[in-house]
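Letters A, B and C mark the chains as written, and numbering starts fresh at 1 in each.
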Amino acid sequence: MKTVLEVKGLTKRFADFTAVDDLSFSVPAGSVYGFLGQNGAGKSTTIRMLLTLIKPTAGEILFFGKPLASNRHAVLSKLGAIVEKPDLYKYLNGLEHLRIFSRLSGIHPQNDKLKDLLSMVGLGHRLTSRVGTYSQGMRQRLALACALVNDPELLILDEPTNGLDPQGIADMRQLILQLSKEQGKTIIVSSHLLSEMEMIADQVLIIDKGKKIAEASMESLLKQAATLELQQQPQRRFFLEAYFLSLTTP
Amino acid sequence: MMFFDVLRIELFKVFRRPRTFIAFGAIAMIILLIQFALKVNGQEFILFFTDSQTDTFDIPVDGILNGYFVCVAVLHIILVHVPLLVALIAGDMIAGEANGGTLRMLATKPVTRSQLIIAKFAASALYVILLLLWMALFALVGSLLLFGSNDLVVFKETDLHVISQTDVVWRFIAAFFFAALALIMIASLSILLSVFADNSLGPIVATVCIVIIFTILQQLKVPVFEQTINPWSFTTHMLGWKGFFYVEKTADGVTIPGSIEQPMALVKSGLILIGYSTAFLLAAIGVYRRKDILS
Amino acid sequence: MKKYLLILGCVLLQASVLLASDPEAVQLLSQVKKKYDLVNDYTASARLVTNVIFIKAPVSQVTVYYRKPDQLLVKNQKGISFIPKGTVHINMNNVLALTNFEALLSGTEMVDGVLCKVVKIFPLSEEESITRATLYIDPEQLLVRRSVVSTKESGTYSIKMKYGAFSWCGLPSVVDMEFNTRDYKLPKGTTLDYDNGTKKAEGLPQKGKVTIQYQQYTLNKGLPASLFRQ
């Protein structure tokens, strides 16, 4: 199977602690790759390194078989990302955001295409309203539209359901599945919502204190979880949650 | 091509922000207030400068109070304060985006960090130029309409220069151009400070404080500072726009039309300002390229 | 009796004035005045050159207006000139029109290659603005070549005159006027000057000079008094 992303020995040390420690994983093409970890496990740091926001202390990152360090422009042209809570320009409207981010990606789509994209994420009726008037959920959708504006091969979504109501979460889930299954996009999703991850992820990486704890398909993880004694306890209804907590809680 | 796209985007963002127009509004207000004050109290203002000579000369107060004089007075007052307005925009370029969380969205796009900083610097520079054109409109054109034209009298601490009105306009053009150099240097300093901060207030205040401190050092005329700091302090050279209104005279005391007193000093000041701008910009690029974006 | 004593007193006083003045000086002045009185008024175009240590000014095109006996106005119609207050004394009628004065001959002196008689004039009236004047008179042409005039309020002016086509009525072609100036210095920080390395010349005498080069005279056409009310 073709690998879209390969990470080898990725390490990030700050002055007084190590956020990511010798992390290695690979993301198959066309999959939804779940990225799990407690708060402070190093997920966001890892994602920021993938997106060149942070320089790794050590290790190598290869996108589409090419080193990121020497192919930044080519790689980022094929990526779309939401990093943590999406912050946007409050004084600009949705359409203006898409115009800006499409130009930053080196493309100049027509307005109609941008409007279609906004409609796809459920903002067709608010495209000329200033983002300052958007709810949190609407900003999340606009951020996703900005990530999709260059029709990326790989999407990196850090907490994409943050601030969304249950309907919004369900819509986001459907969109992720649609982008993966129908358009063949590879999607890396970092989330705290293990139940959501259970529903969408094909592969999962679990990290704790910057180190890889587990990397496997969702299917095999759930099988392993099913063999644990934990699943015998009635209050532990969610296998993935149970397995995750067993791995990451001291 | 990508650079020009980024520049267009930065300019678009600058001029879509309501904050940008505060500076234009403030400048218009300040200039109108100064013009009003001089219209009412201009004679007293001129007599303040000529008080020691009223026994010896007939002071042509009405002639001195003309549009060119008012424009120089306006520039004298405003160009001390405009660095704050420039810092308001330039200091926000990186720190404001970091604070707003949009910096990380920009940084994940296939635009190099160098391109981004240079585009932001260029946008700041264009903003400065537009600000100065706006100032020229109100300060020069407006003053000429309100006060008429005549020869320009420039009061220095130890002498005064009378410049024929046929020899004035090009000096204003040169002065505005030089002021643009000075303010672009301020913008580059603000951008450098902005790279270090996650909040735009810090770079804005820091820029203004630096300008104030060096201006005070310069004006104190303490020998140790005059010999060491002042010759290289950018605030010393920021005043270079005034140098276009200092004229040379012959041994007979007659001014030489089209002349500038010590023109090489102006060239040196201009080069120093360009040097500072370049140094600040390169430092900003260097720091930003290595910086981890954690905001 | 009282009446006769009063008349006698006046006669003696007048005699004392005339007896204190040098008759030759008085006669010379009278002859010069007669010449200068040919002009009731004039309008002249001129170039004004200002040479004052703390003023840098271009050559100005000015208009000089004169109305007998002592009204003189130098006006820059299109620009700015700093006119010394003593320019009213460039017209010799200011001195020649004095009525109550002592005049003494004080030898001779060469002025621009012309041997001149030096006449010192001391106004006796307290109300006169002039406290003392020295005229260097060309006895052949009856022209004042140089004058040094001291005033109560505006200081002392040394004026040199050159004559050309209008020497027949005492109107100069070039006037050089020197005068004392006060130091010009503004409080530090007022003007925030740009330091271009120019240093103020120290130790130079505080003197200024203006030169008026007359180009054209229009004589005795009549000028209204209102012109001189500034």
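Simple rule for what comes next: contacts are C-beta pairs under 8 Å (C-beta built on N, C-alpha and C of every residue); 3 or more make two chains touch, one makes a residue touch a chain.
Just so you know, these numbers come straight off a predicted model, no measurement behind them.
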How would one label the connectivity among the chains shown: line, ring, star, complete, or other? line
By Cα centroids, which chain is closest to the centre of the whole protein? B
Which pairing of chains gives the most C-beta pairs in contact? B-C
State the chain with the largest centre-to-centre distance from chain A, centres being mean CA positions. C
Centroid from C-alpha atoms only, then distance chain A to chain C, rounded to Å. What do you get? 94
Between chain B and chain C, the Cα-mean centres are separated in Å by 48
Mark out which residues of chain B touch at least two other chains, giving numbers and ranges. none
If you look at chain C, which of its residues touch at least two other chains? none
Using the touch rule from the top, collect the residues of chain B that touch chain C in their complex. 49, 52-53, 55-60, 63-64, 76, 80, 150-151, 153, 155-165, 167, 219, 221, 230, 236, 239-243, 246-249, 252-255, 257, 261-262, 265-266, 269
Give every residue of chain B touching chain A within the complex, in rising order. 2, 5-6, 8-9, 12-13, 16-18, 100-102, 104-112, 290, 292-294
Inside the complex, what are the residues of chain C that reach chain B? 49-59, 76, 78-85, 153-155, 179-186, 188-198, 200, 208-209, 230
Contact footprint of chain B on chain A as seen in their complex: 48, 51-55, 72-77, 79, 81, 83-92, 96, 100-101, 103-106, 143, 146
